[in-house]
Structure formats: C-alpha cells, structure tokens
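In what comes next, chain A is part of two complexes: it sits with chain B in the first one and with chain C in the second one.
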Partner chain A sequence: MWAKWIAKMQTRLFNIAVLILLTPVFLLVYIIKEPIVYYGSLNILSGINFFIGLFILVNFLLVVTTMLTFVERRLVARMQNRIGPNRVGPFGILQGFADLIKLITKEDLVPTLANRTVFSLAPILIMAPVLLMFAVIPILPGFTIADLDIGIFYVVAITSLGSLGVFAAGWASNSKYSLYGAVRGVAQLVSYEVPLVLSICTIVLLAGSLNLNQITGAQEIPFILVQPLAFVIVLFSVAAELNRTPFDLNEADSEIVAGFHTEYSGTKFALIYGTEYLAAFGWSVVIAILFLGRLEPGVGGFLILMAKTSIILFLFFWFRGTWPRVRIDQILAIAWKIMFPLATINIIVTGGAILLVQSLFNLKSGTPLGLQPLAIIAIINIVLFVVLLLVLPLIKGLGRFDDELKARGLEIKGGN
Partner chain B sequence: MNESEKNSDGTESVLLNLGPQHPSTHGVFRLRTLLDGEEVIDVEPIFGYLHRGSSKLAEERSYTQVITLTDRLDYLAGMSNNLAYITALEKLTEISPPERARYLRVIMVELMRIASHLMGIGFLINDLGAWITPLMHMFREREKILDLFEMVCGARITFSYMRLGGVSHDLPIGFEKSINEFLDDFENKIKEYENLLLGNEIILSRMVGVAPLTGERAINCSVTGPNLRASGVDWDLRKKDPYEIYDQIDFEVPLGEKGDNWDRLVVRIEEMKQSVRIIRQCMYGLPQGPYRTDTDFFVRPPEGEAYGMVEAPKGELGFYLVSDGTIAPYRMGIRSPSFINLTVLRELCVGWKLADIIVNFGTLDINVGEVDR
Partner chain C sequence: MRIFGVGAIKGLIVTLKYLLRPTFTTQYPEEKLNTSPRFRGNNFVWYEERCTGCSTCAKACPLGIIRIVTHPEPHQQVGSDYQIDVFDIDTGRCMFCALCVEACPYDALHMGGDFERADYVREDLVITTDQLREGAKKPQTQFRPQLEEIGYQGDEELDEHEAGRWSL
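Then we have the complex of A and B:
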C-alpha cells in the first residue's frame, strides 16, 4: 500500500518538478527580450502582460499539440483505409486529451538500473528548446514575445539543443535499444543541421536580415518561388530534425522498438511524445514564415498563417502515411552527398544572382530587394531547380536502380 | 557469440536481443544478434516460445481430429496445411477424392496463397518502416478472401475444410459471383500495389542487391518456396510433382535472378498474379458431381507409412504419417518450410546493417506457428 502511495506521490512530484524547472526557461525568454523592449521595438508585451501572453501561448501550444496527435491519427487512418479514433467527443476530437489524461495519471516508472536524475531531466531537456523556439516566432506582423534581431539563428541554435536531450534520454535509460536510438539520433541531427542552415542562409541573403519579422516583410514574392530548391532541402532536413518518416531512425519502431524513449512511460513519455508534435508545429510555422509569403495583420492574418502551417504539417503526415524508412548509412549519405552539395550550389547561385540584380538596379547592399529584382532571382533559381531535376538522375550512381531493374526486367522469365 | 570479444579496431561489440517481445519478429521469435555498431557480426535465431507439440498431440487424436491441429500450424495458410496433411492421409488410406473436390481444393489453396503472400508483403513493408499503410491495404484484400472462406465453410482462420476423400462443404449459392468480383477487383489491386511499392526509391534502395542468396547455396540449405525461386531455381512442386489437378492447369512459375530481397518481393507479387490465373481456370472448368466420398469418421488405415507434400505459400510443406492400424496416427512428422528456410537467416544477415536484419527476416516470410509447431 505504501509503495503504491509513494509511486503516486512520485508522479505528482514529478509533474510539479516539471513546472518548477520550466519556470527558469520562461524567465530566460523574459531576459532575452528585455533589451528589445528597452530599445522600443514593436513589441507590445511587457511586464505582467509578458507573463499573461506567455501563459496564453503555452496553453495554446498544449492544445495544438494534443489536437495534432488526433489530426495525424485521423489523417493517416484515412490513408490506411481505417476510420481512426472517433469515440471521444464529436468526431473523436477529444481523443488527444483522453490520451494525455491517461498518460499523466499513470505510474511514473524509472528502470532500476537507469540513471535516475538524467532519466528524469531528459524529457525536460527535449521539451524546453522547442518551447523556447516559439519565443521569436511572429504570429502577426511584429507580434512576437521576443523580437530578436537574430531570430532565425536563434531558432536553429535552440532547436539543435534538443539532440542533447535525446542523447541524455537514450544514455540514461540503460537499455541497448535506447542507446542505439540515441546514437542514431545525434548522428542524424548533427548531419542535417548543415544543409538546413545553408538553405536558410539563402533566405537570409534575400531578406537581408535574420529577424523573422523582417524576413516575412521582405517577401514581395513568396520565397518558395524564389528558392524552390532551398524549400525542398529545408523540408527534408526538418523532417530529419523532427525524426519523422522517412528519417525516423532514432525511434524506428520496427528495428529498435521505440528508440531513445523505449523505457519512458507516463508523464515523461507524454512530454517526449508531445514534443514531437510541438516541434513539428513549430518548424511548420517557421517554414511557413520563411517560404510561404507575408504575414497579414488581424485575426484573418493569423488564420492564414495557420492554414499555411497546416499545409506543411500535412506534408509531414503524408510522408509518414506513405514512405518507408531509409537506413542509417543511406540517411547520412543523403545528407552529405546530396543535400550538402545542392545547398552549396544553391547558395552560390543565389549569391551571384543577388550581386547581379544589385548591379542591374543600382541597389546598395543591405537594402531590401524590390519586386523586380526578386522576380529575376526567382527565374534564375527556378531554372536551376528544373535543370537539377533533369540532370541529377543522369549522374551515375544516383539513378543506379534504373539500369539494374531494366536488366532484370519485371516480367516473368523461365519456368516450364 | 560473446559480447566481450574485441573487434579488430579494439572496440567491443554489442549483444542485442531482438525479441521474443519485439514489434517486428512476426510472433514470438527471438534473434540474438552480435553487433559492431550498426553492423551485424552474428545472428542466432532462438525459437520454441510458441511450441505446442502438434506432432505429439496428433498421436492422441483420430485422423479426422488431427485436421484441426494442422490449421494452427501456419495460421495464415490453414487451407494449405489441411491439404498437405490430407495428401499424406490419402496416400496412406488409398482413398481418392472425386474430381469436383480436387478443383475445390485447388481454388481454396490458391486463395490461401494470395492471402498468405499479402500478409508476407504487408509485414515486410511494415518492417521497412512504412507506418502500416501497405499492411492495412493488404489486410483489406485479405479480408475479402476470408469472407469467401467464410461463405464456403463458416470459418475464417481455422478452416478444417479439407477432409479425407473430399472437402467439408460444397460451394454455396452466389459463390461464383463473389469470387469473380473479387478476382476482377484484385487484379486492379495488384497493379495498385506495384505502383505503390515497386517504383519507390526508398524501397529500391533498401532491397535491391541486399542479402543475395545464390541458387546453389539455397539448395544446399534446403530452402524451398518463393525464397528458392527468387534465387533462380526452377522448383515448384505444382509443376515438378503435380498433385490434385495442377497438371491440367496452365500457369507459370515466376523466377528471380539474384535472390536478393527485391527478387523475393517481386516473386511473391508475381505468384499472386499466377494464383489468380489458376483460380480463374478452376472456376471455369469446375465439374459437377459429388464433393466428397463417404468415409468412416474413425478411419483405420492399414499399417504402413506415407509422406505427403504440397507447395504451401511458404515452401514445401510435408506431413509424414506412420499408421499402426488404429484410429490415431502412431507418429506424425511435419516438414515445415518456415523452420527450414531459417537455415539461411544467419548468412543473409551477417555483414549487413541492423535495419537489414529485420528486412531480410521479413523477406524470408516465416510464420512462428509453423517454426515451433
């Protein structure tokens, strides 16, 4: 009886501990944003309003996360000829909340041989960077918790901290499956940072600023048209960052059970599982802001942003519903042998194009590009994209299966 | 197999137990694997977690009752197991079924082959990491086949349809229409699977050239079924030692070339097409007449022994029966293809990556119910 009571209390204490540990995280955001308020930026949140805004944001994110689990399950169920969860609430939309309540009220298990401290800290280490990422994301023009001038740099930097949590979780579990997941995760996250950052650099070149507000403001033409190649690279790099299919190697369920979170259950698992969707949401917003045009003011603008985000999210869910997984050596080969050179070519061509239009239109470096210069860059880049699409399969070693399959033939041979 | 053995570069290898509780071991199956990082040094299959002693149980039951045991061997291909046992029993008792029963048997066995291959391919792609989408699509077709079986004999998994000297039920009214609808639909569905699977770059990169098995090596390891034919060996009992009415039917035996994972996948898809062909011919030529001969419920075969074998979906399934003249077999031996195909598992996996173990294991398409018996 006592053991049960202690176990129950442990769960409660852990939940409280999570909240206490997350508080400094919020304070950190407050400190980061403080000088900007001082310089009198557009930021309308200050003082107590900051905490109210934060409260609303975090709760909004929690609801979004819970809903996303439901949305993914329903969408993928459609692709799989199933109905999906439809019991809890109208159309089953409360399924995510039911799951969440179930997970939070479960007993908090720590494996006997696990490193207790690191094991408990790891879910927080995984979740905190993703929450912090939302500090700089503008939901309306100029409406940010912290309007940082190094916005996109901050996003990339803070999310790469997540790999630390993944490794901590895998190592502290004292399970071989977890360790494999952790090692794979770190290798993969570190590799995909490079093409991701290189592709984002082209956006920064075009916008002339790292600030997310100014990047959206600079999009006379949505950057997806100006930078189609960068969009594709960013999309796949982010899929790898988020451990989504086809790059979900560190939680490959058919190989290493659940990867780095094999041993997790209850609240801690809820944190890790929720973070997956939270990160997917966060990155989708970032991609929408970077590539899919300007932010509009007002409630309508917010809804438009959410619609753009949903398109990107749907792509991720679609990948998961249809694609198998690549192998560890292949995933690193894709990062270093295909994506990295492509991103490099892209950044060189974009840089050249920007120099070209600057001399054509007599623009000073640092001033935002107008509609016509952007259109010229867009044409150059779309041509590059199409040429690469046509040329890449011709390179020997990339389209290697075509010859092999042709030689083998799919029709039946032999047999009497 | 020792964890503390040092590798050539001075690092230690990892001993990883895949199973018996593991998402992709197709039942309760255990693989002790020795890994150097991601690379596989050694694989040792350990089985027996699903052992039910079918051979021993058969000695306590009458010949008719043993049919129910065979349903539970390879639970994805109950009809084929029934037929293999009945083939042996009919050799022993020298009772032969009427012509109509032979046709019905072939129809059911070929439907079962489609269902079994669907599951094999579905779970294989699931092991590749496609989040159960292909599996659910293939379950959809398998459901229709199971519905057909339900129409015929009332059961969906454990049929006990084949009986000594015939089958348990004749075709119900409306079966012909249902099966034709299914076959027309299924031919389109196979095209859909080919579009979905065979052009996918990720599936290609994971399967083409991975874990090849030469024909010679496959023969030496007694590999049978689609795995053997994927290695380019033209061996199919339906052609080489025709049973029932296979000698009157026109069909081809699809062959692979290199015996890699890709060939094992494609051969299964092609075999499903051929099965559709066989069923169409059988439905067309189905003769009228009795569907079984009258036999005693407690049949007493003469003293002696018999070995009956059929080409089951997973390979050559054989039953060896010894009779001492009583109502129960004196001894029953089972040659299960799943068990013997596992012989090559080690050499398929060694040298490849951890993720490949699962795929190689999936392409062998074993069923643990049949491995452990």
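Then we have the complex of A and C:
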C-alpha cells in the first residue's frame, strides 16, 4: 500500500519539481538582464510585473504548443486526403488539450533497469532550454523579458543544450532503441550547428548587432530577400535541430520505435512531445524575426509577427507531409558537403558586398546600412543564389543518391 | 538544364495540391455511403401476405437456420395457405448466401439492406417473427430480376403487391 502511495506521490512531486526547477532558471535571466542598457525598451517588465509577464508567457506557450499538435495533425491529414482529428470540440480544436489531460493522468512508468535520476531529469533538460529561448525573443519592438546584447548568440547557445537532454534521455532509458536515437541525434545536432551559426553570422554582419531588437530594426528590406541562401540553410538546419522530417532520425518511428523517448510515458512524455512543438514555435519566431522584416508596434504588430511565424511553421508541417526521411550518412553529407560550403561561400560574398557598399556610399563600419546599400547587397546575393542553383547539379559526387542510381542504370527524371 | 532542388519542390507542390482537394473520408455514423441495389444486408424482408408457409426457404437453407411453425388448422380466410405461427431466422449463423431468397416460389422473402445489426449476445441476432413483420420493407434486388427491371434502387419501401412478380 505504501509503495503504491509513494509511486503516486512521485508523479505529483515530479510535476511540482519541474516548476520549482524552472523558476530559478528564470530568476537567473532576471538577474543577468539587470546591468544591460535598454535600446528604446519599454522596461515595464520589472519587479512583480516580471513574474506576471512570465506567467502569461508560459501559459501562452503551453496553449500554443497544444494547439500546434492539433494543427499539424490536421494539416498533414489533409495532405494525405484524410480529415484528421475533428471530434473534440468544434473542428477538433480541443484535441491537443484532451491528449494533454490523458498524458498527465497516466501512470508515470520508469523502466526497472533505467537510471531513475537521469531518466526523470532528462525531460526537464530537454524542455528548459526551449523555454529559456523565449526570454530574449522580442514580441513587439523593444519588448522582451531580457533585452540581451548577445540575443541571437544566446538563442543558439541555449538551444544546443537540448541535445544534452536528448542524450541523457537515450542513455538513462537503458534501451537499445533509445540509445540509437540519442546517438543519431547528437551526431546530427552537432553537424547542423555549424551551417546554422555561419548563416546567422551573415545576418549579424548586415545588422551590425547580435541583439534581436536591433536585427529587426535594421531590416529596411526583409532579410529573406537580402539573404535567400542563408534563409534556406537556416530553415533546413533548424529542421535538423528540431528533429523534424526530413531529419527526424533520432525518433524515426519506422526504424527505432520512437528513438530517444521510447521508454517515456505520462507527464514526462508530454514534456518531451510538447517541447518538440514548443521548439518549432520558438525557432519559427526567431526565423521570422531574423528574415521576415521588421516588428511593428501594437496588437497589430504582434498579430503580424504571429502570421509570419505561422508561415514558417506551415513550411515545417509541409515538409513533414511531403518528404521522406533521409539516411544518417545522407544527413551528414548534406550538412558537411553541401550546407557548410554554401554557408561559407555566402558569408564571404556577403562580407565582400558589405565592404563594396561601404566604400560606394562612404559608410563607416558599424553604422547601420540604409535602403539603397541593402538593395545592392540583395541583388548580389540573389544572383549568387540563382548561380548556385544552376552550378550545384554540375558538381560530381554531390548528389550522392543520383550516383548510386546511375551505378544501377537508373535515373530520376526532373532533377535531384 | 538541371536546377538544384527542383525535384524536392515538385514534391512539395504535389502535397499542396492534395491539401486543397476535398478528403475521401466519410464520417461514418453521420454520413453513410450508398449500397448497391443487389446488396445482401444483415436482415431479411418478409411479406407475410405473400408467404404460404410452404417452407421451401427452410429446406433450401444450407445451415438450417430458418425455423417455420405453421398452425395445425387451415387458414380461415385463404383456404390453401398455412397460417404461420413462427418464422425465425438465426442470422448469428447465417452466411447470407441468399439461397432461401432464390428458392422462394412466391417472392415472399427478400434480402434486406441493413448492415448495422451488431449485438452483444448471440441470441439477439435471431430475427424473430415480430421483427420480420414490423421491419422496414426495403427489399434488395438479389435474385429479384423483376425489381431490377423497373429500375428499383433498393432504397424505397415496397408493399406486398409491388415486391413480387405478380400482384396478389
């Protein structure tokens, strides 16, 4: 009887522990944001307002996460000529909440041979970095929880901590499928960090700042036009970082059951599953801020940002509904043979273009670029993008899959 | 001339087309697909007025699941017919071969178009005489060429005059 009671309390305690463990992390952000100079910041998030803001933010994120699970299922279903969940609430809108309630009330199982401490800690390790990412994301111009000067660097650094959680989950489960998934995940995450950071570097070069507020402010032209190549590379690197199709190798359900979260159930699984969508949402906001133009003030501005975010999210869902999973060697080949050289070429060309523009318009280095200089850089980069699209198929050994098919006397019609 | 990434984008356009198409799914309990006129459903349509109690159907049944009990005394109104006390069909063992329907010389027994007769107990699958008397009279056209000739689609109620080859 006591053992049952203890097991029950463990589930409750785990839920509370998540909240307690997350609070100091936010406090830390609160402390480190203090000495930072505000750039036109509203600065209303101080004192008790900070905690109210946090409460609103975290609840908003939870609602968004549960809704996203529903939206993805509906969209992917429609792409497969199905309807998808449409029973819970009008159009099935409440499906995500029903799933969440089911998962929370389920028994919290831990495998006998698992390492209990690490097993329980891993979902928190996976979720915490993603929640922390939202600390620096501006919702309105100058309106963030922590207006860090190293904003985008902080985002990249903190989200790569998630791979630690993935590996902890895979190792602690003491299951071969989990370990395979974790090992694949870490190999993939480490490879895709490099082109991601290199592509973000070009944005930083153009904006002259790592601060996300200043990056949005510098977009006289949306950076997707100025940096089309960087946008594509960031999109795919983020897809790999989020373990989304076509790079969802570490939870490949047709190969290794569910990858690193095979052994998880109940609340812990809800945390891992929710984090997947929370991270997708967070990264979509970051991409929208980096590439899709300026932030506008007011409620309208917030809605515009959400619309931009939805476009990026739709792209991720679209990829999921369309493309098959690639093999582990193909994943690493894409990262190191295609994306890494492309990101390097892109950074060199952008740097050259900025130098050229600065000498043309007599701009001092460090001053923000105006509309005309950005337009010139945009033309140079779009030309580079088109030239690369035409040149890449001519390089032998790049399309490895093509070569394999040719060796067997087969060929795909229409390109690679 | 080949362009990098065109194949991938072609795939994306295919799924986008599918996204805008209507779905194939039918929401079963709310909307039902039409069945064919010759559909052999889980029930039977029986016209007591046409039935003479000759038991040809019971003899034709390979499983022997049709139970007919006739009254010992002759029918008061129609002299040559038997008065039927019991006419049960145990569909729990029926294989819906429709041999009974084919055998019926008076077009009294027809296949029905119902397919939602799942139940929890085997005894409830027996179609009793009362159920046969009161059930919906929507005969299907299996072994009933005269119904097909008039263009009957198996979805209307027919009375005992319309269902047979000759009117009573």
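To be clear about the criterion, the second predicted complex is superposed on the first by the 386 of 416 C-alpha atoms of A that agree within 3 Å, B and C clash if a C-alpha of one lies under 4 Å from a C-alpha of the other, contacts with A are read in each partner's own complex, and residues count from 1 in each chain.
Here is the rule we go by: contacts are C-beta pairs under 8 Å (C-beta built on N, C-alpha and C of every residue); 3 or more make two chains touch, one makes a residue touch a chain.
Computed from a predicted model, the values in this text were never measured in an experiment.
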Counting only touches as set out at the top, which of chain B and chain C does A:R82 meet: first, second, both, neither? both
Between chain B (first) and chain C (second), which does A:W323 come into contact with in this model arrangement: first, second, both, or neither? both
In the superposed arrangement, does A:L392 touch chain B (first), chain C (second), both or neither? second
Is it chain B or chain C that touches the larger share of residues in chain A? B
Touching partner for A:T245 - first (chain B), second (chain C), both, neither: first
After the superposition on A, what does A:Y180 contact: first (chain B), second (chain C), both or neither? first
State which residues of chain A lie in both footprints, the one left by chain B and the one left by chain C. 79-82, 321-323, 412, 414-416
Complex interface listing, chain A residues touching chain C: 75, 77-83, 318-319, 321-323, 388-390, 392-393, 412, 414-416
Going by the contact rule at the top, pick out the chain C residues touching chain A in the complex. 1-8, 10-12, 14-16, 18-19, 21, 23-25, 27
Listed in rising order, the residues of chain B that touch chain A in the complex are 14, 16, 22-24, 38, 125-133, 136-137, 140, 198, 200-206, 208-209, 232, 234, 236, 239, 252-255, 257-258, 263, 266, 270, 353-356, 358
In the complex, chain A residues that touch chain B: 76, 79-82, 176-177, 180, 245-246, 248, 252-257, 320-330, 401, 404-405, 408, 410, 412-416
